[in-house]
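Two complexes come next, and they have one chain in common, chain A, joined by chain B in the first and chain C in the second.
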Partner chain A sequence: MEGHGPKEPFATVFGIDIPNFVITMWAIMFILVFVSWLGTRKMKKVPSGVQNVVEFAVEGIYNFLTGMMGESRARAYLPLLGSFFFFILLSNYSGLIPGMGMIPGMKVPTSDLSITAALGITTFFVTHISGIQRKGIKYFAHFLTPVAWMLPINIIDELVRPVSLSFRLYGNIFGEETVINKIAEMAPLIAPLPMMALALLTGAIQAFVFTLLSTVYITGATEDHH
Partner chain B sequence: MKPENQWENLKALGIILSLGTSMGVAVATGYIIGRYLDRKLQAEPWFTVIMVLLGVATALKMAYQALNSGRPKGGQKNSNNKK
Partner chain C sequence: MEAIAEALGFDVNKFIWALINFLILVFLLKKFAYKPVLNMLDERKRSIEESLTRAEKARDEAERMQKEYEAQLAQAREEAQRIIEQATKLGEQMKEEILANAQAEASKAIQRAQEEIAREREKAVVALREEVANLAVLAAGKVLGRAISVEDHEKMIKEFIAEVGDLQ
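After this line comes the complex of A and B, so read on.
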């Protein structure tokens, strides 16, 4: 799809193209792993420094998940949903780095459909596998609620979830990045700033919406009674 | 505001924020599945029509669920609405 950012792949390894957004994604993954390592390296009873920041962030997500799905499930799904949130947040905010979308190897990962589709498909499989693990074959009974003839509508509803999750995130970030890049091409330095300020807001909202909807879907699939 | 209400409100906000895309994608998914089935089974335009209608029904179901997500559970009525 025609858009902003470098068009040529960053490199080709054994005949496989490595696109620019993959390089940025690896950098974001490295940052997340490195900060997690720094925060848990020398854990203290009274946290300070990086441990303090990491604990604050993880506790925030944990409290949110506990409020939504209860303590036991919050503990079980915190690693997945917390990673989703911080990965999407950092990916969205990476668009604010000067030169992003112009320098080879730098492109916002969530402005590419393949990344957001991977996240959406992961949510889809985790939702259904968790549901089957918790309820067994009875899990499929929810497709026949509230009445049996709703089956085709319920199936379309389930299929729509990963598609809408991935298109919502991709569309918002791709659109925002394209606008910032076009404004920067016409009038660099000051002109894109208002749009970038808006990007700070939409980046956080989209990361939150994706995590929230994934939580709602997983909670719905693993709930014991409706 | 009680903490549980805060999470319920946040959940409702997220669902409402995402409703627009979900409704659009529901109709589009119905159309794409219908067109695929029509081509596969050479039954134009029946599957497309049926699946688009099912997509619209799914979108309406989503809107109904989104409207319900903001309401208190267990049939409790908001005391402010009684007056």
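After this line comes the complex of A and C, so read on.
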């Protein structure tokens, strides 16, 4: 890892290190929140302009979630799962900006395991807290299915989920970033383009996969019938 | 474990930054994107439902009114038919009456005319008879070569009329 990317940390304020990716993440957050604010500050029944874009994006995710987990849970988990998708998507696509990963303050958040781990852990806790909230102590019964001695395997299964979520996302994006940067170092003009086109595809797929798996985990934990 | 994590670039500071930032993002997007859009969806759904109900009501109303009008139309048609029938009957009746009147009038007129004719004929016959008698006396006078006196004349006429009357 040494010798790659901008110097860490980006800055230190009151003894707290601010890593480079935080600046990029703030930029992404600003874009998402600003566009949302633009699109929803004066909502009309017949949408136009930015409102159309925001409605299209939110409704798309919402309809997808409704199909997976039903309307009431889709409403409850839309903020978390929708934010997963939009943040990961923009984060992945931020890698297409020239100079990403070279200029201070510009680092693709999802190409860092620490960040993807934070997202994976969020899914892990939300999954199990939701399960306990919905079913109480009976929630733990599903660790004993289909037979009681499956308990250790079930526990490992649950623990592996956030790890696999984090590593899948991190691995894909980090790998892609590295390849694009390496190619750009050797031939910065046309050569990275095919790889960047591929990144457009995998960026969306990885954002979708992370959201889809998180939805599946949460749906499974809060399902009424087994 | 720690060594592996470090080798992969895992950093607790970054992890905490990411977690906090992401939770803030969730909160902000909920406020500025998800809530307003879902509210708008609900509102739109409600207004569509309302419109549909209203449309259905209007359709029912229209159907009801159409039925009413149809019933009224049928009633009016029946009424018209009845009136026409009545008028026809009345007309027929009047025709008969007028015809009967006319016939009666005509036969009366004919009768009157016939009576008149008979009377005239009677008168004519009487006049003719007198004339013939006079002529006859005149002729007789000529034959006798002298005038006949008024008394003779009268007597002869009476005799003659009696004779002619017998002839009749």
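The rule is simple: the second predicted complex is superposed on the first by the 221 of 226 C-alpha atoms of A that agree within 3 Å, B and C clash if a C-alpha of one lies under 4 Å from a C-alpha of the other, contacts with A are read in each partner's own complex, and residues count from 1 in each chain.
Operating definition for what follows: a residue touches a chain if its C-beta (ideal position, glycine included) is under 8 Å from a C-beta of that chain, and two chains touch if they have at least 3 such contacts.
Keep in mind the model is a prediction, meaning the values are calculated, not measured.
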Touching partner for A:F64 - first (chain B), second (chain C), both, neither: first
Partner chain(s) touched by A:S164 [first = chain B, second = chain C, both, neither]: first
First, second, both or neither for A:V216, with chain B first and chain C second: first
Touching partner for A:S114 - first (chain B), second (chain C), both, neither: second
Touched partner set for A:F208, first chain B, second chain C, both or neither: first
Chain A residues touched by each partner, larger count belonging to chain B or chain C: C
Which of chain B and chain C A:I156 touches, first, second, both or neither: first
Chain B and chain C footprints on chain A, overlapping residues: none
In the complex, chain A residues that touch chain C: 1, 9, 16-19, 21-22, 25-26, 29, 32-33, 36-37, 39-40, 43, 45, 47, 54-55, 57-59, 62, 75, 78-80, 82-83, 86-87, 109, 112-115, 117-119, 121-122, 170
Residues of chain A that touch chain B when the two form their complex: 64, 67-68, 150, 152-153, 156-157, 159-161, 163-164, 167-168, 171, 205, 208-209, 212-213, 216
Residue numbers on chain C that touch chain A, as the complex places them: 8-19, 21-30, 32-34, 36-41, 43-44, 47
Contacting residues of chain B [partner chain A, same complex]: 3-4, 6-7, 10-11, 14-15, 17-18, 21-22, 25-26, 29-30, 33, 54-55, 57-58, 61-62
